[in-house]
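Just dropping this structure here.
Lettered A, B and C in written order, each chain numbered from 1.
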C-alpha cells in the first residue's frame, strides 16, 4: 500500500481571539493527505472557520489571534510565510460565493487570481478554460455574475480558486446557500473533481452527512477540540455529545444494503489507511496539463506534471473532467495511474453510507428508515407525531395586542387545541393539473386562491392556491427562484398580486395594506440582521406595536412574557446585533409574536444554522403551532422540513406541483424525480 | 484574451468627452448655445439607438426638476430684475442642468462601469485602486436587494413613515441604515480574504486577461474634443 | 489588510481590507442615496416646501465618509469613498449625473481634512467633519445650478445641512461605529496609523480602537484624551474668535461688493465706509416692462467708489455684475463724470441706480464692480 504525502499537518494547535477567554481551537491535531477528502464538522462556533483561516495564513497575519502549536501546509509554516506564499498551495472557498466575487463577469473572476500572479494572458486564458472545465461550467464563461443562480455561483467560486492551481481545497459550508438540487449537484461535482484532479479537499460543514459519500474521514470539532477523527461509517457511533453527528436513533442499515467490501478504517483509533486510489488506466492520451510554476518550497512534495485520461468504466459526465489536467507531480501520477476507475472512489461512494447514515437523520425517534415512511406506513400520520414535539403547557403570552377577538377564541382553547382539533375534515389528494389544491378545511385560517404574481412580463407565481389550518405547519420547498419568497411577500401584502385572493380567517385581505396585515400575519426573513432595527432588545420587541401607535404599557406584558419564553430576558438591554445567531432568530420571532399574529410566514429560517440551532427553532415553531398558529415555512432542508411540517408544497416555476401531507408529498417527490428534496432517511 | 464587449470608443475617450461637454454646458450663457448642446447630446442618444420613449421614461423626473429650477429662477431669484432677464436666467440654469444630466446619461448608458475601471487601470491607475470601483459596482445589486429586504422587513413589522416628521424620518433612517451598514461591513472580511487568498496585492503590477483597446480613433477624438471644448469655452 | 504583514518588503498605505471596506461602504451609500432622497422629499412634504427641507438629510450622504474614515483610520479614505460613492451614484442613475461625483468627492475630501489630525477622532471632531462636509453640497449646488439665491436662504440651507451633518455624519456615525464595535463585525486588522499621527499622540474615544481591530495597540490614557479634546476646543474657539473678528461680515454692517479688475487698489466696498459721502438723487426707472415714477434714492456715487480703487489709466469700461449673473456695462469716463449713478442699499443687497439710463442698466443685487 502506498503512503501518500501529507499536505496538511496540524499539531497541538491552539488559537485564542483577543477578549475571549475560551480558545477557538484547543490542542487540535489534524492531518490531510494528497487526494484525501476530509469533512471537518461541528456546530457553529466550534472553530471550523478558524481552522481554515489558520491553514490559509490569515491567522495570525490578518486577524488578531494568538496561535500556538504547529501548522504545516505543504511543508510551509503559515506563521512564518505569508498569505500569498500559501495562496498557490491552498485555496479557500468561503460560505457565500456571492461574498467572494470582486469582478462583474465569470471570466474576469476566474482570471483574477492568475492575473495577480503576473501570468501572461495566454496562460491566464488556459487556466480559465481549465478551471471552468473542471467545474463543468464552460457555458457560463461570458455570463455576468449577478445573473447566475446559487449553484452556478458556487461553481464559479470553485473555479476561481482552482485557477490558482492549489493542491489543497478548503470549502467552508459550501451548501449553506444552495437548494437541495444545487447541493446534490455540488456533491457530485466534488466527487468528480476529487477523483479526477486528485485534490486534497477539506470540507467544513455542520451537516456532514451530505458529503459522506465522498469523504474518507470525518473530523468532529466540539468547542474547539477534536472529539472524533475517523471514517464516516464510524462517526455516528463514535461521537458522544456532538449534536451534528449524534443520531436521533441509530438503526443499522437495511439488510442487504451494505456491500461486502467493508469500510475503510478511520484515522481515529483504527489503523490509518492511505487515501483512496484515483488512478486512471490510460494516462497520457488526454490534453496535456497546463504548466504551473510554484516556488520550490511549495513544489517540494509534487514533483512533476502528469496527465489524465478518460476511463472506460465511468459515465460520460465524468470523462469530461478527465480531459482536464493538473500538475500534481509524483503523487498525482500515482493517483492517476491506479488500475481501475472504481478504485478512485472511496469505497463507500457506492451508496452504502447513504443507507447507513440515514437512520441518524431519522424521521422520528425510534423510527426505522424508509419502510416505515412509505405511504400508508403504520407509524406515519401527518402532523400527528413530530420529532420536534409540541410540549403541552407551553402557553403563548397573553395576546395583548390582538385586534381580532376571534383569534383568542380560535387559539385560546388550550395548548395544542388547534392540533388536537385536527382541522382537516377531509384531506384529499389533489387531482388535475398535477396540483393538490383541493383540500377542504372546515375552518381554514389562511386560504390563498389562484394567486398570480408578475415581475414585469414574467409570471413569478401562477394561480397558486393553498390553505393553512390552525395549528398547522405547511412547508414550501422548491428550487431557488421558484417563487417561494414571492409567495410569502404576496401573502404578507408587500407585493400586490396581479390576481387572486387571500382570505385570512374568513376575511378577504387581498386589498388590505401591509401595515394592517402586520397585526394578524407575522413574517420572518432569512437573514436575522435585516430585521433588527433598534438599539435594545426590549425596544426591538415593542417597536412594531409602538410604530402602530400602541402604547408601551399595553404591549409590555406580552413583550416581557415573550422575552422570558425565548430566553432573552437577560439580554433585555443588550444591542440586538451583539446577540448570537440563535438568539437573534428568537428575537425576530419574539418581535413578530408580540402582535400575536394568527399566521406566521418564515422564509428559510434554517439557513446557516447548525443542527442544534435548527432543532431549537423547529421546536419553537412546534410550540407556536400547538398554540393554534398557522405557519407557512419556506425551507430547503429536506430532513428538517419533513420532520417539522405537517404538509409540504413544492413550487416549480411559480406553480404548485405538489401539495400533500408530508409522507405523501415525499412519495410524490420521489415519483417526480425530485430526489434531492428527499430526506436521507427516505432515500 | 478578451476585449471590451462593446466595440466603440474607449471609455476614457467617452469620459473626456463627457467632462468637456459638462464644462461647455456650464460655460454656455445664451439659450442658443445651451440649445445647441442639448441638440448634440440628444443626437448622441439617437445614435446609440436608445428609443425616445425609454429615454423619456428615464428622464421625465429630470425634466420636472429642470422645470422647478426654471421656475425658482423666475420667481425666487433676481427679484426686481426684468422678467426677461429672469426668464433667460431660468432657461440658462434649466438647460445647463438638463445638458449635464443628458450627457451623463449618455455616458452611463454606453459605458459599463467595469470597462471604465479596466480602462483606467490600463492607463496606469494602480490596480488596487482600480479594483475599488469594480468591487463597489459589484456590490450594487447585492445592496439593492438587501435594502429592499430591509425595507420589506420594516413594512411587515408595521414600521414606516405614515406622517412625515423629523423624528419619524430619523427613526426610519436609523432602522434602514444600521442593518445595511452591518451587512456592508459583514462582507468586508470574506471578500478581503477571497482577494488576498488569490494574491491580490502580491505585486505592484498585474496582468490582465481583459483588454480595453485604445484605438487611433480614440486619440484623435480625444484631442479634437479637448481642443473644441477649450476653444468654445474661451469663446463663450 | 494582510498585505503589509504577509508580503515581505511591501506595505501599502491602504490594505486590501481597507480598500474593500471603502468599496463596500461607498457602494451601500451610493445605493441608498435614492432612499435618502426619498426621505428628504418626505421632509419637504412635512414642511410643505418644494425643496430645501431635504437638507436635513444631507448628513446621511456624508455619514458614509465619516464611517469609512474612522473604520479605516487613514487620511484619504474619505476622499476615495467620495469618488466611489459618487461614481456608483452616477452609474446607478443619479439625477445629478457627473456633478454628483464632484459633490461626493468634495464631501469626502472635507471629511478627510477635518479629521486630518486624528487617527481615532473624538465625537466632536466627527460632528464638525460631518457638518462641514454636509454643508458643502449646498455651496456646490449653488455654484452649479442656482444663481441669485438670497444669501439668507443660502445661509439657512447651509445651516440645515450643517446641522444634519452633525447629527447624521457625526453623532449617528459614532453610534453605528459603536454598534459595529460591539458586534465585532470587523475582525481583520486595519492599516497601522500614520507615524506622524502617532507622534502627535492624537487619539479618540476609548474602545473605538477595538472594533477597528486596534486591540492591543496602546490605548491613550484618559489624560491624553482630555488634553486632545481641550486642545481641539481651544483651537476651535480660537478659530471662531478669529473668524468673527477678522472675517465674518455681520448682517448689520450691510451688504458688500468687490471692486476689482484694472485697479491699483481692489477692495471690498461697504456702505458704512462711505457714510459721509452719500448723495440723494431723483431718478425715474423706465424699463421695457417695469416702470417706476421718479423717486429719491440715497447712496454712494459709483464714481467715488471707483476713485478709491484707483483705476488704471488704460481702463475704459466698467462692468457691474449681480449675483444672478446679470450685468451692465458702462463707459468708465462717463461714470467718473456722472455723480448720479449711485449704489444704494436695498435690504441685504446693493442696487445700482442709473439715473438717466434705461431700466436695463439698473442692476439689482450687485456683487462685483469690474474695471476693464
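Note that in this section a contact is a pair of C-beta atoms (placed from the backbone, for glycine too) under 8 Å apart; a residue touches a chain by one contact, two chains touch by 3 or more.
Predicted, not measured: the structure shown is a model, and the values here were computed from it.
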item: Chain-level touch network, classified as line, ring, star, complete or other; value: complete
item: Of A-C and A-B, whichever chain pair has more C-beta contact pairs; value: A-B
item: Inter-chain centre distance, chain B versus chain C - centres from mean C-alpha coordinates, in Å; value: 22
item: For chain A paired with chain C, centre-to-centre distance based on mean C-alpha positions, whole Å; value: 51
item: Chain centre separation in whole Å, for chain B relative to chain A (CA means); value: 39
item: Residue numbers of chain B (touch at least two other chains); value: 113, 131, 135, 137-138, 174, 178, 182-183, 186-187, 191-193, 195-196, 200-202
item: Set of chain C residues in contact with two or more other chains; value: 1-2, 6-7, 17, 179, 183, 187-188
item: In chain A, residues with contacts to at least two other chains; value: 58, 62, 83-84, 577
item: Chain A to chain B touching residues, read off their complex; value: 53, 56, 58, 62, 83-84, 87-88, 91-92, 94-96, 98-105, 107-108, 111-122, 124-125, 128, 145-146, 160-161, 164, 489, 492, 494, 514-515, 518-519, 521-523, 525, 527, 529-534, 543-545, 547-548, 577, 591-592, 595
item: In the complex with chain C, residue positions of chain B that touch it; value: 18-19, 22, 26, 29, 58, 61-62, 65, 68-69, 72-73, 76-86, 89, 92-93, 96-97, 100-101, 103-105, 107-108, 113, 128-129, 131-133, 135-140, 143-144, 147, 151, 161, 163-166, 169-170, 172-174, 176-178, 180-189, 191-193, 195-196, 200-202, 204
item: Chain B to chain A touching residues, read off their complex; value: 1-2, 112-114, 131, 134-135, 137-138, 141-142, 146, 149-150, 152-160, 162, 174-175, 178-179, 182-183, 186-187, 190-203, 205-210
item: Chain C residues touching chain A - in the complex, by the definition given at the top; value: 1-2, 5-8, 17, 175, 179, 182-183, 187-189, 210, 213, 215-216
item: Residue numbers on chain A that touch chain C, as the complex places them; value: 17-19, 57-58, 61-64, 82-85, 535, 575, 577-578
